[in-house]
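The two complexes that follow have chain A in common; it is paired with chain B in the first and with chain C in the second.
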Partner chain A sequence: MSFPWAKQYEPTNPFMKYLDEKLPLPRFVYNAVGAGYPVPRNLSYMWNFGVLAGFCLVLQIVTGVVLAMHYAANDAIAFDSVEHIMRDVNWGWLMRYAHANGASFFFIVIYLHIFRGFYYSSYKAPREMIWLIGVVIFLLMMATAFMGYVLPWGQMSFWGAKVITGLFGAIPLVGESIQIWLLGGYAPDNAALNRFFSLHFLLPFVIAGVVILHIWALHLPGSSNPTGVEVKSESDTLPFHPYYTAKDGLGLAVFLILYAAFVFFMPNALGHPDNYIPANPLSTPALIVPEWYFYPFYAILRAFTFDFLLPAKLWGVLAMFAAILVWFFLPWLDKSPVRSGRYRPLFRKFFWILMLDMAALFYLGGAHAEEPYIMLSQIATAYYFLHFLVILPIISSIEKPEPLPFSITEAVLGPDEKKAQGDSAGTAA
Partner chain B sequence: MATTTNTADTVVAEDGVRRRDFIEIAAVATAGVGGIFTLIPLVSQMAPSKDVLAESSTELDISSLEPGQSIKAMFRKQPVFVRNLTQAEIDAANAVDVGELRDAESLADRTIEGHENILVVMGVCTHLGCVPLGAAQGEIKGEFGGYFCPCHGSHYDTAARIRKGPAPSNLEVPEYSITDGTLLIG
Partner chain C sequence: MIRLVGILVGLGFTFVVLLAFGSGALTVMGQGYLVEETAEHAFHEEAHMPAGGYSFDGLMPSWDLAQLQRGYQVYKEVCSACHSLDYVAFRDLAELGYSEAEVKAEAASWVVPGINPDTGEASTRPGMPTDYFPSPYANDIAAAAANNNAIPPDLSLMTKAREHGTAYVYSLLTGYQAPAAALVEEFPDSVPGPGLHHNPYFANLNLAMAPPLTSDGQVTYADGTEASVEQMATDVAAFLTWTAEPSLVDRVRLGWIVMGFLLFATILAWLAKKQVWANAKRKD
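Coming up: the complex of A and B.
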């Protein structure tokens, strides 16, 4: 579906006309990210992150395929093969740093994309399916990133694999059997490394497939916008190309500057030095933490230090998964008919408190497991669930939203009828 | 919109090029050229890596190689044949009229001065890359007493020159030098 005023693809070149009859791929692209996709005219830069995430996925696949040409998924030589990439392969250092920092930047982009969704309630009808698919993409990304981090087979890789598969050991009765089955052994070894490599290669293409579903679901209702008011008429929209290709192009340029600063000037700033020590099953690093993008969930995992009906370990694992699974229920937890945080004064305050809470969890996940960090993690974790399960439903029932603009056009140009008529009035005059 | 905005995009120069056209082309061209440059690492990474290039020379001790004996060695992951030619083999090679050969080279062209009896050739048939027989004892040496490729029947003579069969040229002589009984290939 698209809006009735969407521009139609009209090839002039005879070959393109022929192609359009036999395989309308250019038409498909035109309707997806070309002039054939009308987009609200008032999108802010917070709407850049979908395209940036797509760019990151392509970047990770391209550099990842290159790395796979030189990497050996064998526990005896995996670490050396990464050093081989760094020292011997032409531009190997660039490929590896681009891939490792690419993962971090992918998560930066995705977190901003998700938080944008929180603030503007992008998960609300009619866009629930986009949101649900998006959470699935996030889960797939987490699995992919985790397995990718295991591949260099350094100390952090090894102990990360051990700890994360150990989570499954918390499942009552069958946990240990599942963990052994996942690893193909009693501790991470060649079998685990090999299957992680296989899945790390596969999952990005699964993600790409699910991204297509995400975009498909998006194109049925069309993009949301900062007012949260639905598109009413042609004057509310602009064609994606050239308006948003240009806007996204600028966003991409800014993104690339920041990304290149890391790749070229501080490529290891986001990693852990311990991962340059070859995996050693006999010695655990003093501070064993995942990559920074898992910190909030790692903090939640570690916040459970007491047995209550169930063992503490199981609570931690359940809470960690629940922290993401709760996002699936957002469309039904937040019942307010107003979407945008811009017109929800109370919601807006609690959104920023949630952001502070997330920031705290980010910090605490990377801290040592000692006081006061454990207690702070417990408070931050409690607030996290309180926000989604209690505060959000209450806000949506008691809040008095501010008045919404009549339309996107009115929000942009003010309530001037003549201006609001947009293009048609302009050309008539 | 056209009535309310009188900005750069409505200003058209005499040659019909708008300011915005220029900006558009300049921006896309900059991004395009930058994108093309990223192809350099992506293509170059597939070329031989530094460790492969570091293995690109081979050193052999040939001081105890008697006439009639051969060594099969590896040079750049491919076989190389080193043979100390007997006087009979040298004579046989020199007896051939060079002008009648498919790939006209004399034995002297294919060896280095002072070491005409040491023949160093790649053990790679110039037809399709099989390893010819004849270097090891008991192997078929072909109709001309040198090397014989069993894949498609190319016969090489005692100077490893192509004499019969589909191969287009003589077995390749790699770059090499001999110092005090040590052969350095590559």
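Coming up: the complex of A and C.
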């Protein structure tokens, strides 16, 4: 694990020496996110989002555990208990708004983290496993967030649960049985709410466990970097602490400002007004939409409106799941030996088209199911699949990459190797 | 191999979704328009705030307690005949600037369901500060029966349960009107049926609620303010903003303190980052 020049943990305090001998937890932390982890010296601010995502997970668990102390998972009183939190629990409104907006910001951070991975091909060898585990984390997050949105038992909670679990009903033969098994009934009711609460409490800890695997896998090859050139020598790296703790600290502070702006000044901007109406199985909202972070996949789901061999609904469900599953295959779909989009002129153009396409899907997923939105979402969906499954494999074969720097040190400090190595002497923690 | 399969799968999904696109495009070309114009869309008007705005709007919010008290009076004397306020307790009225004695007196002026301590039978008693506002109807069936099958919604969260909540309540209350003649010609079906009332701010235009604020002076304000329909609608929309989000003002004020702290922390983090990285001598 790690590079030969990584700093070793050397406790001086007798207690820490004793602890290191019996339970080397401080050593573990030192090597994971301390001075013992050498990191490429050229990471941009796009590399902040891993730490930010970890922060969001902790934030969600802490606020969530407090909310669970006051929430009641029962369809007769769930909505009331949320209002009890908002009105009667000391700082309850802060906990709930922090949790609801925390989910949104968790997804903002994760999307940026994933898009960073797209641009710099962070999924490529030797980091495939980090990427695969990351996609698993994303899927777990989606399940967790979906079930969390059901808990307030408002109109969108109920109808969102009905629509999303209804997707399983599209599976031939066994679909309906699976749907009933998932819900514990024919429609979302107390049984569904109870199990969603149980799983919503459990899954974040599963995510935390998988995050540990994600970081473990990361520490074998070490972090990628904006040039995509692997670390060659000590001068290419800086110890994580203090360099990247300082840089992540600044990123965290800026993140918190944006987050606090939503929590305190527009806490309901990312939610839907209908969820302040108690769930009513007899009254269907005019527009049923999931939370904004599911919009791209919801747009893909709704884009399939034509029965071709299979029913349109089944196509939509298949496409929606395929849209995420395709990420699992990225390490093998993109065979270009060059990682970073910086040196891939053709790839870069298509990357930005993909970003525009994602922006379109984000917008269209929240729009009414009427023209021209349906036709636009069909074009956007077509590009989404073409990009990952057709364009990416082809451009990685035909593209002529630009020349790469010899090393990270050269990319950062210019071609003078000696000068760079001289500098690195002054990087003691 | 995996790329070949990938390309085939990709082309497959693209083919199917483009088929859907094609069939949609044919439909659109056949009908000659993208979206059929509906009466709901043609008549609809965007909710707007009253001319003077509100003290709790914007980044330096405060409650206008006199306004909230007036709004409460409108709720009590007009809205409460049909609409419940389930999540608000009489004790909460202290936040509107009422003294402890006034809250007690106010609570006692309402009749709440109780239990006869001698017989155990259901009865009624005067409210206490710990009680919640009572519902005007015993249950949903009674509410529907009394209101032509339309159940009057609870108002506690109304301004958060609609787009542009405060503006929506104000606009709806002042927006009752006869449907525009030109549009009625185009959409003859949009004329409200028996027991319904046209209101361009309501999603489907035809509202079961009769205009609740009909004449100036309908409420005699305790503080002597002239009770025009406009004034009553403005005040009750303010009151319902408070019932939906009693923490609004405290929240934004705390937000500024948090922002100040975070800004300071960001400056420190930036200086720390600069100092630490000075050693690394980056060129870019």
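The criterion applied here is as follows: the second predicted complex is superposed on the first by the 420 of 429 C-alpha atoms of A that agree within 3 Å, B and C clash if a C-alpha of one lies under 4 Å from a C-alpha of the other, contacts with A are read in each partner's own complex, and residues count from 1 in each chain.
In the analysis below, contacts are C-beta pairs under 8 Å (C-beta built on N, C-alpha and C of every residue); 3 or more make two chains touch, one makes a residue touch a chain.
Model, not experiment: these values are computed from the prediction.
Asker: With the two complexes superposed on chain A, say which partner A:G54 touches: chain B (first), chain C (second), both, or neither.
Answerer: neither
Asker: Per the contact definition in the header, classify A:H70: touching chain B only (first), chain C only (second), both, or neither.
Answerer: Touch status of A:H70: first partner only.
Asker: Tell me which of chain B and chain C touches more residues of chain A.
Answerer: Touching more of chain A: C.
Asker: Per the contact definition in the header, classify A:W332: touching chain B only (first), chain C only (second), both, or neither.
Answerer: So A:W332 only meets chain C here.
Asker: After superposition on the shared chain, which partner residues are touched by A:P311: those of chain B (first), chain C (second), both, or neither?
Answerer: neither
Asker: Classify the contacts of A:R87 with the two partner chains as first (chain B alone), second (chain C alone), both, or neither.
Answerer: both
Asker: I'd like to know which partner A:P393 touches here: chain B for first, chain C for second, both or neither.
Answerer: In the superposition, A:P393 touches chain C alone.
Asker: For A:M95, is the partner it touches chain B (first), chain C (second), both, or none of the two (neither)?
Answerer: first
Asker: Touching A:V62, do we find chain B (first), chain C (second), both, or neither?
Answerer: A:V62: touches chain B, not chain C.
Asker: Could you look at A:M375 and tell me whether it touches chain B, chain C, both or neither (first, second, both, neither)?
Answerer: second
Asker: Which residues of chain A are in contact with chain B in one complex and with chain C in the other?
Answerer: Chain A residues touching both partners: 87, 94, 242, 249, 253, 423, 426-427.
Asker: Within their complex, state which residues of chain C touch chain A.
Answerer: 2-3, 6-7, 9-11, 13-21, 23-25, 28, 34-35, 59, 87, 92, 153, 156-157, 160-163, 165, 203, 244, 246-247, 251-252, 254-256, 258-259, 262-263, 265-266, 269-270, 272-273, 276-277, 279-284
Asker: Looking at the complex, which residues from chain A come into contact with chain C?
Answerer: Residues in contact with chain C: 41-42, 80, 83, 86-87, 93-94, 97, 238, 242-243, 246-247, 249-250, 252-254, 256-257, 260-261, 263-265, 267-268, 273-274, 276-277, 286, 303-306, 308, 312, 315, 319, 322, 326, 329, 332-333, 335, 370-372, 374-375, 378-379, 381-382, 385-386, 388-390, 393-394, 412-414, 423, 426-427.
Asker: Which part of chain A faces chain B closely enough to touch in the complex?
Answerer: 62, 66, 69-70, 84, 87-92, 94-95, 242, 249, 253, 419, 422-423, 426-427, 429
Asker: Which residues of chain B touch chain A once you look at their complex with the stated criterion?
Answerer: By the definition above, chain B touches chain A via 1-4, 24, 27, 31, 40-42, 44-47, 49-52.
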